[in-house]
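What follows is a pair of complexes built around chain A, which joins chain B in one and chain C in the other.
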Partner chain A sequence: MANPNKKKIVLPVAPDTKAHAPVKHLYSKKVKLPYGVPGHGLTEMEREVSIDEPPALPINDELNVIGKRTRRVDAIYKVTGAAKYSADIQLPGMLYGKFLRSPHPHARIKSLDVSAARRYPGVHAVHVLSMEPGGSVERESGHDAPAETYNIDQLPLLRYVGQPIAAVAAESQYIANEAAKLIKVEYETKPFVLELDKARRKGAPIVFEKMVKDEGNEGDVGVEAAEEQEGNLRGPSTGSFLGGPRGDVEKGFAEADFVVEGEFRTQVQTHCALETHGVVADWKPDMLTVYASTQNTAGVRDDLSELFDLPKSKVRVITEYMGGGFGAKFGAGHFGVMATELSRKTGRPVKLMLDREEEHLSAGNRPNSHQMLKIGVKNDGKLTAIDLTSYGTAGVGLGAGVGRVAQDLYECPNFRQAQYDVFTHAGPGAAFRAPGNVQGIFSLEQLIDQAAERLGMDPVKYRDIIDKHEVRKLQRAKGAEVFGWKYKKPGSDPGPIKRGFGMAQGHWTRFINLNSSATVRINKDGSVEVMSSVQDIGTGTKTILAQVVAEELGLMAEDITVKIGDTIYPDGPGSGGSVTAGSITPAVRNAAYKAKMELLGQVAGAWDVAIDSLEVKNGEVYSKTDSSKKLSFGEATKKMRTNQILATASRPDDYGGFEIGNGIGYGRLGSVQFAEVLVDTETGFIKVERVVAAHSCGRPLNPMQVESQINGGVIMGIGYALYEDRILDLNTGHMVNANLDQYKLPYSREIPKIEPVIIEHYGAFSSTDASGIGEPANVPTAGAIANAVYNAIGVRLYELPMSPQKVLAALGVS
Partner chain B sequence: MKNDSKEKSPEKKKQGVSRRSFLRGAGVTTAGTVALASGMLSFTAAEPAPAKTAVLGPGETEVKFSVNGRPRTLWIEPRTTLADALREHLNLTGTKVVCDRGSCSACTVWLDGKPVNSCMTLAVDVEGREVTTVEGLAKDGELHPVQEAFIEHDATMCGFCTPGMVMSCAGLLERNANPSLADVKTATSGNLCRCGTYPKVFEATLAAAKKMNK
Partner chain C sequence: MNRFEYIKAPSIAEAIDMMDSTVPEAMVTKTDGSAKVVKAAGTDLLDLIKEGILEPGRVIDLKSIPGLDKLSYDKKEGLQFGPMVTIADLENSPEVKKHYRALYEAAAHAATPQIRNMATMGGNLMQRPRCWYFRSSGHHCRKKGGTTCFAQIGQNQFHSIFMTNVCPCVHPSSLATALLAYDGQVELTGPEGRRVIPLSEFFTPSEVDVTCENVATNQDIITNIMLPPVQEGTRAFYIKQGQRESYDWSMGDVAVVLQMDGNKCRDARIVFGAAAPIPLRREAAEEVLKGKAINEKLVMQAAKKAVEGATPLAHNGYKVPLFQTLLKRAVMGAVG
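Up next is the complex of A and B:
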């Protein structure tokens, strides 16, 4: 039996980074594809691809639908309230679930009595979890199987406030909430540890006595799982899928003309998706149907199939609309398992949506970090050595690393890292929008700025020397131009309110998930559908799929009906790691191309003309040689011999293969952001006035949606830089701000002017050549703001969030 | 909040123990209530209970109000919030519950034309009044200009905050035909969006105002 909270297809990295042979094609062809950036020496790249691949797509300028600002196909349902999210689902006879959760950060359950809850009027079932959901599980715990009945000796140890213990299903949410409180539990409390530094010390209360399984490694993707575990310390991880240590760091420092170093701390950030985690589970003898607020319908199906020993064909997961995830919504989760158990017990559908407090406590967070970073620099600017040691806590989970930016953003022959996970008695971390890299950039980019200052160089120009990434170079140039970048002497403003300018950059690996398939259906009445289990988590997936099909069939996006977020359709990728656009759109285009060729073949037969004389464009099917042969798309489909044409395709390997394994593409998605801030040196308040964010995501499919994603990444980065902070009460282990007002987030008044700059970049990687933008947009923001704050006040801040107290403390005002 | 108690005729069922543990007599207000992290609610009793009202509950009670121009009669427990009445009893799920304590405005509806947080409003307190939800904003099949502009300017992402945003922004334009950017920020200052649609929400609302004034 599997742990439902293990890392779930977030990225196709961990298991399959071994070199693998490229797929062989019986028939292949050579295709010339656009390569580079239009206006900046765009060329062509010839690739050998399968004969089934569609012709090369020209650059966006030459297209009708792709690359155009296109309205979201589902926006109308969102603005009218018609869109039904999992939280909105009501089924006949549906019951409501409510968890009882641990009030203690570390305790053993001495006794448990559910009888009063079970007898409470309106209650239909109570279920006790005999597994350890959320976070890590000891390798030989025997606690990872859900049981019909529970044995008190087998109940898991409670390791954080909010750990689920049991749940009830009742006729209303009110009744469920009341009944959950009637479950009587006797606890034997134990000593606990919440703080990163204390948990590392000898003699600290131990969170896991035994080695934990690696599956809770959610927070940071791709960092090599460490085998060592001593006390609460797990690690070190010395490499990632990009490789291990390089060169000789000591030698590198000896060669350096000077060294920049610093100790940095980042806080725990919670995801705060507006729709909480949760499901409606409907167990029927012939089919388990689950409406889930998830980033991965196929992953939830796989989990439930495994956990409940059902064939995948008997589990259906539906996510029609989804209220945000940001990395935390993968897998069935403890709520999914519980709702399914309760539905099985009662024979009725059970809705189990977390409340806002449970969401903060038990549904994931970005782990904190304590980073010691040291960089050796030559007087010509070149980096000679990078040495990183980091500690972070994902509570009872793993994955508190600080990413791959120190390893991979700049060229440096000598690199060494030791990234440690530290267990504490707090809720488990989860992947969170560019896990690791966001934390790592805060320290790396501040030190790079320090090196530039030491060298007396402009930070932008300095990065031109040490950064070999061609696209990022363009991003720097264009971003600086839009921003009106001019280096200003740190702390040089007179008066108490000081203005500062700063920049930072980042990157994200270009991940591809090959489990990406789609079907395109052309109906005889001219209507067209595209179908896949891939879900739209708010990024605009529905719309880009419609655009891709429309472009291929000569239609408009609104002509395409998009049916996604349902596992009755071909598997799509989970939406995490910015994989979605780059993984699913080539499959969709290839399916649309196949369907188109079938349609043209049938029309050509009816007209008795050669198939290659036909074209589909602007809503018409016509002969290029005979102007009498022309029909509207809807008329042409009437010539179909059968009611439907169906075509399915899956994501092939990247053209030219992968850099690593079968999912890590060549090229990194770079990003450069510029920030302008005002710092009030009397109150300590920082206000972000303006951000220019220069990004690339391969071929931008819908620039309007790309802008929205960039805005979102920047705003989330502002929250991380200035406001957000999970505060635990050190006496009780309770989160004191498990809500949306004391957990401070950016609201309308905190929003600066944001100017997205999109660099259209062709890499000749696939039939759409698109990549994701969600994560890259979030990576550099906190670093750019930190550099701007330094530029304003002339004093560096080494700790997030940069709250007024920390600003005043840094300025020596108390 | 029983699933099968939709909008049907009064059938006074004693619902076991049904404590009024929620939003007692708080009236239509978003002010003065602070919830503790433990999930318990404490109140600075801002308003005394209406003097003439008889004691209600703990069982279901009748309440009549108008929703999107249509008179409705509900039998609900007195502790039922307006948000829950709309969502659970009338299946008007456009109104979202996100924080359930008046700090995110996802549940914004209009009460007699004025935006309020429906999670902080008891359904029994809207007796005889007019409620407008996001489902009732379009008139005769015509979208409100704010709804149109939200589509045009990509002011929706995941869409979960959208109904509240739309109601706040449309509410602003109903009372101020020529808002500034600062006015739009003030009108949406209680609306949380985690996806980060704010810049496009501002843009859309200002564009809608311009269009309405043409």
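Up next is the complex of A and C:
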């Protein structure tokens, strides 16, 4: 049985690590596709592809819609408030839900009395949750499935403050909130442990007595599943899908001319999407319909279908507009299960949106980390050994690894790692925008800078020696040019307020979700629709789908009606792992191409000309050889034999196959960022003045939206670097800043001038050759700021967030 | 949030008649849901109710009373403003900007533009502390009538470094820091009529009464706030340091008002905000400056004096050097 909270990211963590075999096709053809970076030795790559694939798409310069700055197709609805988000859904007879949550970090429920809540006027149902709400579940605990009734002796143990216990459904939110307080619970409290270091010690209170189920790591996708679990310690993971240890680390260090090493700590960052987690669930005898704020409509449908034993055909999940998701909005969630239970009990739709406090406590976070990293370096700069040990806690969840950057960013023959998960009595971690890599880059990039300084080299030039990634090299060059990079001696400014420059880079694996399908429908009146269950979580997916279809059909983006975020349409990918653009747009283009060929076939029949003499461009269908044969698109569709032409296509394998099993593509999405900061050495205050962010995402489909994603990634990185911190009271286990008042996000004045630099990079991977950008944009920021802070003050900070307290302490002022 | 009766008060006299509790009393002694309290803009009061730590029976809105939002300046009388004057009104007043620079800076750096447009000066002085344990319904702390101070033994990075032994919350009003530096006064109106109280006597240290922050009683309403006129040689400055420049609570703020004869300091008033449960005069530091020519060395001596006796907690030791820096910069800013 699936745990609704487990399926955080449906990513293909490859079972088969040797799947380099080329894709075979019954009927194939050879196409030459653009390859490389325009202006920097762009060439062509010949690929053998299925006969069904559309012709190669030329580079953006030669296109009309793709690659052009295009306003979001739904912008007008968003700015006028016409866009309805899950929280806005109102259905006839709808009830409102409210949770009762654990006030204790570790407790057993001795007794529970819901009668007063049930009797409260306006309350229609109370439901007690029989399952573990997110995080890990002990094997054979019986807490992995919903149940209509509960047995007081078999309720899940409470393992963190905020763990859901029960919920009420009532006629108004006010009534629900009041009634939830009337549920009487007697707790037997138990000793608890919150701190990473203490939880590892012998004799620490144990979070899970038994081995927990490992359904994939939630926070750090792709860390090799570890089977060892002792006390609160789980692991180590010694490799990832990119491979295991390599070479001989001891020998590597022996060969090194010098070693750079450090101990780094990063904090817990909670998810603060503008729209909280939540659903409206509407259980009807013939269909369960759920309006969900989710990154994966199809995933929520699959979860609910499995958990409630319903055929997939009887579950519909809708996400028309989505108020942000950064990795924690996958699966049905405890709120989805609860709303469905309450709707089943009452026969009415139930709205259950979390409030901000619940969001901080129970809806996921980026786990913290304690990293010990050591790198051996030759005097010529080459790396001889990398040794990484890390501990992190995702509270009651798993996935607190620190990613794959130490393993994979730089050339180094000898590599070893041991990444451990540590259980604590705190809310579960979840995937969070480039899980693991964001934590890992903070330590790796600071040590690489240390090595450069030791070698007396400019950090940018030094990376040219140890980083063989061609696109990152270009990003460094272009980024440095835009930034006006000039190496400055650390701490060299006179006066108390010092300026610093720093850079860092990162990468993110190019994941593809092959379960990505779309339908394109051309109507006789000339209107065109594209349909898929894929959701637009605010990134602009609707707009790029419109652009892709428009380009193929010779129309403009606004001519295309985009119907997505509904599981009545073909399954699209979940939006996590930066897979969306790279996964769904080839399916959409292929569907549009198929529909176009059908249309041209019918028009060619009507005109009695050869189909390959026809072309569709600039809103017209015409013959390339006979100028009398020319119709507007809308006139041409009138020649259709039926009212509609429908074509569906799915994401084929990458042209040229995958690097590691299905879905893990060749090449990494590189990123290089430069930061300029001011550090006040007397107050400890850091101001980020400017960030230049050089990125590539394959073919940029809509540069305006790519820039928007880069801006968002940098802003989130600044929050992580300087402000955000989940603060737990160690005596009571409560999060003391579970709000947006004292959990500090960057606001307007904290956002510097951000200059995105987009490298158009063709890899000949698919019919659109697009890749994602969401996560790569978030990876290097904290590292770049840390290096800039060091450059400003000449003292390194080893702990996030780099608050005034920590800066003053590092400077020895306090 | 509990259900409560909401009444728009027609006049001060009637509001006084309708109320029976201070907000602190409603949170500690009159917790049976019957307390009748007044509200100005409600930026803090509604927060307390929504957080479930205040459950009044009646909320009496003062915004409906005419005439409480007047601001006037007179060379001889000084600055006077009603309790319903907003922070934005202060920020936008040319007289405040011209004559009361420290107050202007404090207003301009408070909260957000949206909150400044709503929040009133009466409410600003009466607001409750932001200590996260006090604000948590899950922590029955001393300020709410309990016996434990969770901050002393817990997360106290934003708490007091002075007067920490009973309740180390910090007073939340950064405007009060400036008002006290200008030697302001408040006029309270109660059933017995009006009385004027200097701000130096208005705030209540937690050693005196941990459950409240000022001397207003259960039928008192602030009806006026007064600052003395500024003189020829008055030089003032205010600095607030938050973790963020945008909306944030103060980690420390300092207001200084100096009376200068040329380069010589005739008189000085120095106030620390976010250092103690009340806005805190630093007389010892003032003494260092008085009668002397201001220079950086002297100011450093004053700064050192100003943090003497600080008793920082486990996580807020950084505030000691921070306040010294802020004081130094505020004085140099005033004379520079």
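One rule holds in what follows: the second predicted complex is superposed on the first by the 801 of 814 C-alpha atoms of A that agree within 3 Å, B and C clash if a C-alpha of one lies under 4 Å from a C-alpha of the other, contacts with A are read in each partner's own complex, and residues count from 1 in each chain.
Assume contacts are C-beta pairs under 8 Å (C-beta built on N, C-alpha and C of every residue); 3 or more make two chains touch, one makes a residue touch a chain.
This one's a predicted model, so the numbers in the text were calculated from it and none came from an experiment.
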Decide which partner touches more residues of chain A, taking chain B and chain C as the two options. B
For A:Y723, is the partner it touches chain B (first), chain C (second), both, or none of the two (neither)? second
Go through the superposed model and pick first if A:K687 touches only chain B, second if only chain C, both, or neither. second
Based on the superposed arrangement, let me know which partner A:L808 touches: chain B (first), chain C (second), both, or neither? second
Would you sort A:I497 into first (chain B), second (chain C), both or neither based on which partner it touches? neither
Would you sort A:V736 into first (chain B), second (chain C), both or neither based on which partner it touches? both
Could you say whether A:A606 touches chain B, chain C, both of them, or neither, answering first, second, both or neither? neither
Mind working out whether A:R749 is in touch with chain B, chain C, both or neither, as first, second, both or neither? both
Just to be sure I read the superposition right, which of the two partners does A:K78 touch: chain B = first, chain C = second, or both, or neither? first
So which positions on chain A get touched by both chain B and chain C? 174, 734, 736-737, 741-742, 746-749
What part of chain A is in contact with chain B in the complex they form? 71-72, 74-85, 87-88, 90, 92-95, 120-122, 171-175, 178, 271-275, 321-324, 326, 355-357, 537-540, 704-705, 707-708, 711-716, 734-742, 745-749, 751, 753-754
Complex contacts: residues of chain A adjacent to chain C: 103, 161, 174, 177, 682-685, 687, 722-723, 727-732, 734, 736-737, 741-742, 744, 746-750, 803-805, 808-809, 813-814
Residue ranges of chain C in contact with chain A within the complex: 1, 130, 132-133, 136, 138-139, 150, 153-155, 157-158, 241, 243-249, 251, 315-318, 320-322, 325-326
Can you list the chain B residues touching chain A in their complex? 1-4, 15-19, 22, 35, 37-39, 77, 79, 87-88, 91-101, 103-104, 106, 133-135, 137-138, 143, 147, 150-152, 154, 156-163, 166, 184-186, 188-202
